[in-house]
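Same chain, two partners: chain A is paired with chain B first, then with chain C.
What follows is the complex of A and B.
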């Protein structure tokens, strides 16, 4: 799904648990697109614990995640796989 | 030990603080998340890891007490009163709104997070606010004392030993089961991430060394109040000097021929050399670690609603800690393993506060 739509969510500088709650809300808002594989959600975060909580919660909802470090922050890509 | 000169004491406390800052940053260990995530998401992993901390610290502290290495009860713990509960409740709400406890706020601010920086300003403001009402709160502390002893079975070593043995045995079996099922391991992708169970083992050891070095388990918020008093004395020297809180020793005990004492007043004393140095060390340790992983960066202000609640949360953290006579560092990490009444009452109240804070967060902060 290289050419699918990328929904970007920038939560840099935000604190927990707002980080996780905002990500979960965004996943739910775009549920149809994400489930169809028409889009993936790209989360930008500098909050280290989010690299634990978001993949864990997304997996419970049936999504796949990929985390990579981009300079001083992390990018979490959430998709249907 | 306490025979050390102030400068050696401060250097050692600073060194321990640097190690604490490194551990906390790498594991992003959050004592708010362990309760809050249970209420919000029914996640219990961090709570299990906290149980591991309490067991290891209880073993180390009580071994130290039995061997005569550690003062018992430590001079920074006292009998519990209704203010322990009231303060714990306020503190619990504050730590959810602030997005971190007094430690989380410090090490995340050190890594450049402005939301935590705003919460830290709230802590300083809350400390100054408390100084205005200190005489009234002190009177309530005296009227509403709940216990005659500082710790459970304080004067009955046999009963205390039995209680501890039961807790360590029961808790040990529980932790052993969690370990076998892999429930103490988490998966995280941050660079240099340290498993939380390793963080708490390190914290228990460092708190033990700090206790042996300074005579008390770790505390941090009196040092924050001291900083607030020091900064305020630049602008309002006469007013700060006139406040009873900044003229009162919060800790004082006799060690042989020497009286060791200190308080929130803006001068160099035992609190500055122990807690102050520890706080400085945690800040530097977290900052150095963030720089090492090239993660130090200031990203700008959070959404306005988060900023307002972080400031309010910081004020509540300071007010709660001052009313209760300590914060979660002193009571969760030091009081509970020593079976101190203040630790038990404060923890119960802070958990209720956390629940209330989580509800406020869910309803009012996240929607915006």
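What follows is the complex of A and C.
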């Protein structure tokens, strides 16, 4: 993931299910880039449930995810599987 | 970097046109209410479907305070989730495609593998088996295996046997391996592994893998047979080697002993263990210049035979050695095999035999000559003595007659010697007489006491207490006298000492007579026992003394050996059997 584009999505302060819907909409919008591995989506969230629902849904769509704790929020990195 | 807005989008407020007339207004108002109710119904429908889809996606339903209807519609959650579902479906299709491909690959591997594979359920029915399994264990005319009992089609039984690995796997839940199973004249290694379990964790299916180890088993059996054959042959070979009376040594290319039999150890005079890894040249002690090891050194170059004299603790031995190169299967030299035979006694017997044969021939000739000469010589001597009694001869004539009588008497003495020799040389059966050798020596010394005294020869004796020996006393005395006279004559000018010793060695007596006279030259040592061989002046000796001695001693199964060194003296050693050892 070093050379590809990073698409940032800041949903700090939002909770599920709105978080999930926003993330899914963004994935849909950048579907081709993400599928090709040309970009990865970096989601910033402080809602703990999101770290479960987003990776589960993304996995069903064929993406791989990684969750990192970054101080007061989480970073969910979604990329091609 | 792109950025997406996180804020929920909101639509613009709907506007209502002012009514011109009350009736129309009332109608419009009613219509608005209906439309609102209808919108609310649609919004409710959309919200409930959205929640349903969100639940499918694994998250919680929308809360009313989170999005109002307008916000919800503008967010287009169904569109979002539909887009996501499209990707989910695409992913599922990809996965199905990959699984299908994997299944085909697995099936190809399943069929192409060199081992028989079956999937068996807990009712021992075959769910599936590959072609190899059919080939190995199923009758050719059986069309379908699936659904049949494994013990029927694979083992020709009516139920699973106690040695069935699948049964054990179902019972224990663990993999089981049976190292060797015999089916249909073939050997198999069978491994049963759990494949599927029910909710309680019980094994419901197993994979059974059958590996045909028939070739391996046959190879093992053949190897075992060959090993047995090899061990038997090795044992036979070892037994043959041990049973040989000849010594056998096997040496490597560095001339080190790698194998030796007991006979070799006995002949060399060492323990078998002492021989191992020793260099060949260090095993043999050479005694004479002709045995300087050249034979041993040359033995590596081909088949050769040679004799060596080997010094052992119990005396020197004459060994006949045969050396043969040893090669491996590739014709490379790996050492050689030496067979060793102790020919000491054989050579002595052969020499004794030749000497006895020679003596017998000469004896016969001597007896004939003596008989023919004795009568005319008796006449010459008798008539000479008669003539000497007459007075009518001159002094000169009487001297000549006396000379005739003297020479005739001397000739008679020679003839007596010949007759004695002939008697000894003629086989007359072994005399079983016994005598005390020390007493015989004493009597012989008394006979020669005056002669010894005159010549100033000192005689020392070292006589051990020994049993009687197997020989006639008179004949032994004759031998001892002959030997002593031999020494006396050898030292007639120089004087010197004579040492007589007796000692018992095993079952034999050794009687030695040693002088410190001039010694016998090496080149004639082998001839001194030959009849008529003498170093004395012509007329001084008959050359029969030592021949007669040798004949007497041989007749009683003994031997005479000579050891002489020029300037240091001569030792005669007589060996005879002791009475008690017979």
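Simple rule for what comes next: the second predicted complex is superposed on the first by the 80 of 81 C-alpha atoms of A that agree within 3 Å, B and C clash if a C-alpha of one lies under 4 Å from a C-alpha of the other, contacts with A are read in each partner's own complex, and residues count from 1 in each chain.
Going forward, contacts are C-beta pairs under 8 Å (C-beta built on N, C-alpha and C of every residue); 3 or more make two chains touch, one makes a residue touch a chain.
Everything quoted here is computed from the prediction, not taken from an experiment.
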(message) Between chain B and chain C, whom does A:78 touch in the aligned arrangement: first, second, both, or neither?
(response) neither
(message) Looking at A:67 after the superposition, I want to know if it touches chain B, chain C, both of them or none. Which is it: first, second, both, neither?
(response) first
(message) Contacts for A:27 in the overlay, against chain B (first) and chain C (second): which applies, first, second, both or neither?
(response) second
(request) For A:46, select first, second, both or neither according to whether it touches chain B, chain C, the two together, or no partner. (result) first
(request) Would you check which partner chain A:14 touches, where first means chain B only, second means chain C only, and both and neither mean what they say? (result) both
(request) Check whether A:56 is in contact with chain B, with chain C, with both or with neither, and answer first, second, both or neither. (result) both
(request) Pick out the shared contact residues on chain A: the ones touching chain B in one complex and chain C in the other. (result) 14-18, 20-22, 25, 49, 52-53, 56-57
(request) Using the touch definition up top, name the residues of chain A that touch chain B in the complex. (result) 12-18, 20-22, 25, 46-49, 51-53, 55-57, 67, 69, 71-74
(request) Over in the complex, which chain A residues touch chain C? Could you list them? (result) 5-11, 14-18, 20-22, 24-31, 49, 52-53, 56-57, 60-62, 81
(message) Quick check: in the complex, which residue numbers of chain B touch chain A?
(response) 25, 28, 30, 32-33, 36-37, 40-41, 99-100, 108, 113-116, 186-191, 193, 294-303, 306, 310, 361-362, 365-366
(message) Considering only the defined contacts, which chain C positions touch chain A in the complex?
(response) 1-4, 6, 8, 54, 57-62, 66-67, 75, 77, 80-81, 83-84, 87-88, 90-91, 94-95
